[in-house]
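Structures given as structure tokens follow.
Two complexes, one shared chain (chain A), two partners (chain B, chain C).
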Partner chain A sequence: MEALADFWAAYQSTLGFVVVNAFFALSAYAALSTGVLSFATVAYAAFGGFIGAQLVLQTGIDPLLALPAAGLAGAGLAYAVGLLFLRLEGHWMALASLALVLITRVVVLNAATLTGGVNGLSVPYEVSLGALVVLLLIAMFAFHRLSVSWYGIASRAVREDPAVAASLGMVPRRVQTIAFVISGAVGGIGGMLLALTLQFLAPDTFFINIAFTMIAAVVLGGSYHWVGAVIGAAVFTALPVVMQALVPAIQDVANGAALLLIMIFVPRGLFDPRALALRRTPVAKAAGGPHA
Partner chain B sequence: MQLFIEQLINGCALGSLYAMFAVGFGLVFATLGILNAAHGTYASWAAIAALYATEQMGLPFPLALLAGVIAGGVLALVVDQIGFQPLRGRGAGMMGALITSIAFWIILDSLAGLATGQQSLSFPPGTTPSRMLHLGPILLPGIQLVSIGAMLLVTLGMHMLMRHTRFGSAMRAVGWNGTAAALGGVNPRMVVVATAFLAGATSGLAGVLAGVATQNVSFALGQGLMLKGFAAVVVGGYDDVRGAAVAGVSLGVLEVMSAQYLSSSLRDGITYVLLLGFLLLRPRGLFGRAAFVRA
Partner chain C sequence: MLETVPRQNLLTLSGVGKSFGGVAAVSDLDLCVPTGSVTGLMGPNGAGKTTLINLISGMFRADRGTILLDAMPIQHLPSHEIAAAGIVRTYQNVRLFSGMTVLEQVMAGCFLRRGTSLFASFLGLPKARAAKLRTEAEARVLLERVGIADRADVLAETLSYGEQRRVEIARALGARPRLLLLDEPTAGMNAQESERIGQLVHELRDAGLTVVMVEHNVRLVKDFCDNVAVVNFGRMLVQGTAAHCIAHPDVQEAYFGRSRDAERVKAVG
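Then we have the complex of A and B:
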């Protein structure tokens, strides 16, 4: 029993980061579920995180009450980004959002009144692990409801074939804009939660590493269902911790190698609705499956 | 005026490094369809290999440079065959390759950190071209001329290869549609292998020269080149070598000039805003042509 308590004490913070990374991964998944590869979550997280943190610091309200503001800030930014960026074709959209990540850091460094500039911003407020888990459960419930709604069906259609979706009366740009707003809200909340978990925001907090972590988490977990994003975030957050316990000298190398092996041997991700469907119904197997 | 001209040449030399890196990075993106996050590490490893060749084997600079370039090419080839080859034909698309390249980025970056002992190393004095040339009142470091010359050679050579040889046609065909190229009698595997090597070698050249010019050989070297090279590729258009070269040099000049005359804290900001502006207003780049894709 004592060993269990030790384990809990040692890895409690890891669980917190799993929740935060799950929010980022869900944000990336929201855009990806309509077929748009976007790294812009980093910008939404930075915007939401700094606005939420400043709100708490200036007014002293409960951090959890500032979360909706962070989500709104992220969603607003995402709407603007969507208006500008969604005109671009596939590859260019990904590149533009990557450029936005690079710009985010420059803006954070230069907008010192909001972000503390090079010195960073200290956020001396805590949020309990229980609250984090409850928030993630709420977000998961929201994603579940969305995935079985009309919006969920439309997003799958737009992802598989925008031309067909348009001929069926859906407007791909509008569906993708909605996806961006969802991505922004979730990303903004994630940014605020990261601020509360780290209790400090450095100018490098919101940078390429988050972008790559969340995309890796989504692809690792499986990009065809929202559960994949959560699973991927859990695996990708736990991996460095496990590797540090096993092979501390070369932990980064081992991380990369594990990621590489997963990509080569399970390229569709750990949670793949098509694979499950194929196993369940032999008919679907013969027909090639729903996502073929 | 003298300061202006010196800074202009500084900017051109710096931009030449970005341009060479961008040529390699753009080649992979256009021909293989991979947004390769590991590309910067090829430059770091090429610089480390050249440093090793100089220090441990006592090779003169041109041979050490060659060793670095070959090391960059071979590394790119190995990464491609281990990491990207298994994904081809599996429909993993751009995402799968991106994640694999992130994995290699993590691996190669931390290995480079181990190889250099987490320090910034530099070439021993006297082993690299360090002569200063005097052109009237203007002082010119020799390495800058080497960088600019190498950039011109690489750009011209790569442009001739891509546009005026059968092999270049094969590369462009594979970039457009691998299956159709194979039906047309091109061996896609050969094209992929050669492209990976060429791309790694050009970026390796940029890496070695950057290591000499900045007196800094470390894992951070590649990342700096990577961000600016990425910007140059987007501004110049990734399917045209000339565009990447012009954009790379312009970014270098812009960076040096804005640090000199405006503010050094806005230096990177100007580059990235330009990058975003190009993406939104002219996504196909300086020299790119509009592409038509069937729905």
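Then we have the complex of A and C:
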């Protein structure tokens, strides 16, 4: 029993980071689900995180009440980014969003009144693990509702073939803009949760590391269903910790190795709805025409 | 004398041109598609048939000329607005959405008639639910119509080529178009399957739909097309009834080359 308590104490914080990273992965997934690879989540997280943190610091309201403001800030920024960036073609869009990550750091360093500049910002407020888990469950439910709504079919169509989607009356740019707003809201909330989990925001808190973690999580878990983002975030966050306990020697390379193995053997990620559907119809697999 | 009442044209192309680099894919082309007819679009490979379909459906923008749907110019509209105006198409090399079931493909085709806002659909409001059930039922009816209702819940990419073409037709019909553009709907199908597509096209026409289909099979064109337009080198060669077009010497020449007699006549003349 005591061992269990020790275990819980040791890994509680890991679970907290799983939730935070799941928010970032869901944010990346939201854009990717319409075929747009974007690292801009880092900027949404920074904006949402600092706005939310300042709101709590200035007014003293409950941090959980400031979350909607963080989400709105992220969504608003994402809308603006979408208007500017979505006119770019695929890989240019990704590069532009990476540039935005670099700009974010410079802005954070220089907007000292909002961010504390080089000194960083102390956020002495706590959020319970239970609250974090409940928030993630709410976000997952929202993604589930989106996926079964009209938006679910439209986003998949736009991702697979925007030209054909347009010829059926969908407006790819509009669907992607909606995706960006969702990505921004989830990213902004994630940024605020990161602030509450770390209780301190440094100028480097919102930087390339988040971009890397969220994309790796989505690749690992699978980018064709929101469940993949959550699974990926859990695996990617927990793996180094677990490896440290079991085989300390390979702790540092565990995530890299896991990513490589996934990309080589299950390139569509751990959770792939298409593979599941194919397994349901094994007989039909033999068919498929000259182009299949 | 018989006075024929001029039928209304649903689609009118006049002087349409499109070049890629220095190559004119379509030039100065006129085409009339009477309302409620099946128009066959013929021509050798590379004649510009698919370019023409791309221009009408808004995938390409014409460099010159006008395209009228009824009286509305549509040559400048993006493809989603052309779809909303009532023109929907299929593709020469099937372009279904990967990872979607057959039913989902057709529901994607019903997008324009979803009848509910994103917000209502997200919240699962009763009205949105009813709308979704309604489109799902309609999608199943369409699959019944093209004869693949039993495959509704499998991934479309696992179907045979011929079946995938039928899914595409059902998807296009989901938008309830006024004008349906079929780009080689029977390619890769056997005679029996092709015949079924021809009959489906007739059923759709009898239900009020106007159809333009790119088709190479001369027998099929004769049997199922009310009008035929033959293009070659991006120009309209001849337009009229199937028999008239197929017998036309220019068409014969485009398809089979110049006959020996013609060569001799030319040499002598």
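In this text, the second predicted complex is superposed on the first by the 279 of 292 C-alpha atoms of A that agree within 3 Å, B and C clash if a C-alpha of one lies under 4 Å from a C-alpha of the other, contacts with A are read in each partner's own complex, and residues count from 1 in each chain.
Keep in mind that, in the parts below, a residue touches a chain if its C-beta (ideal position, glycine included) is under 8 Å from a C-beta of that chain, and two chains touch if they have at least 3 such contacts.
Keep in mind that this is a model prediction, so the values were computed, not measured.
Of the two partner chains placed by superposition, A:119 touches none, neither chain B nor chain C. In the superposition on chain A, A:128 makes contact with neither chain B nor chain C. Contacts of A:274 after superposition: chain C is touched, whereas chain B is not reached. Once the two complexes are laid over each other on the shared chain, residue contacts for A:224 go to chain C alone; chain B is not touched.
Residue contacts after overlaying the shared chain place A:168 against chain C, while chain B stays out of touching range.
By the touch criterion stated above, A:12 is placed in contact with neither chain B nor chain C.
In the superposed model, A:209 makes contact with neither chain B nor chain C.
In the superposed pair of complexes, A:150 makes contact with chain C only, with no contact to chain B. By the document's definition of touching, of the two partners only chain B reaches A:103; chain C does not.
Shared contact residues on chain A (touching chain B in one structure, chain C in the other): 163.
Taken in their complex, chain C has these residues touching chain A: 57-59, 78-80, 82-84, 88-89, 91, 93-95, 97-101, 104, 107-109, 111-112, 114, 116, 118, 121-124, 128, 132, 151, 154-155, 157-164, 171-172, 174-175, 188.
On the side of chain A, the complex with chain C involves touching residues 142, 145-146, 149-151, 153-154, 156-157, 160-161, 163-171, 178, 224, 273-274, 277-278, 280-281, 284-285, 287-292.
Residue ranges of chain B in contact with chain A, taken from their complex: 29, 35, 37, 83, 86-87, 90, 92, 94-96, 98-100, 102-107, 109-111, 114, 227, 230-231, 234, 265-266, 268-269, 272-273, 275-276, 279-280, 283, 293, 295.
Taken together, the chain A residues at the contact with chain B in this complex read 37, 84-85, 87-92, 94-96, 98-100, 102-103, 106-107, 109-110, 162-163, 212, 215-216, 219-220, 223, 250, 252-253, 255-257, 259-260, 263-264, 267.
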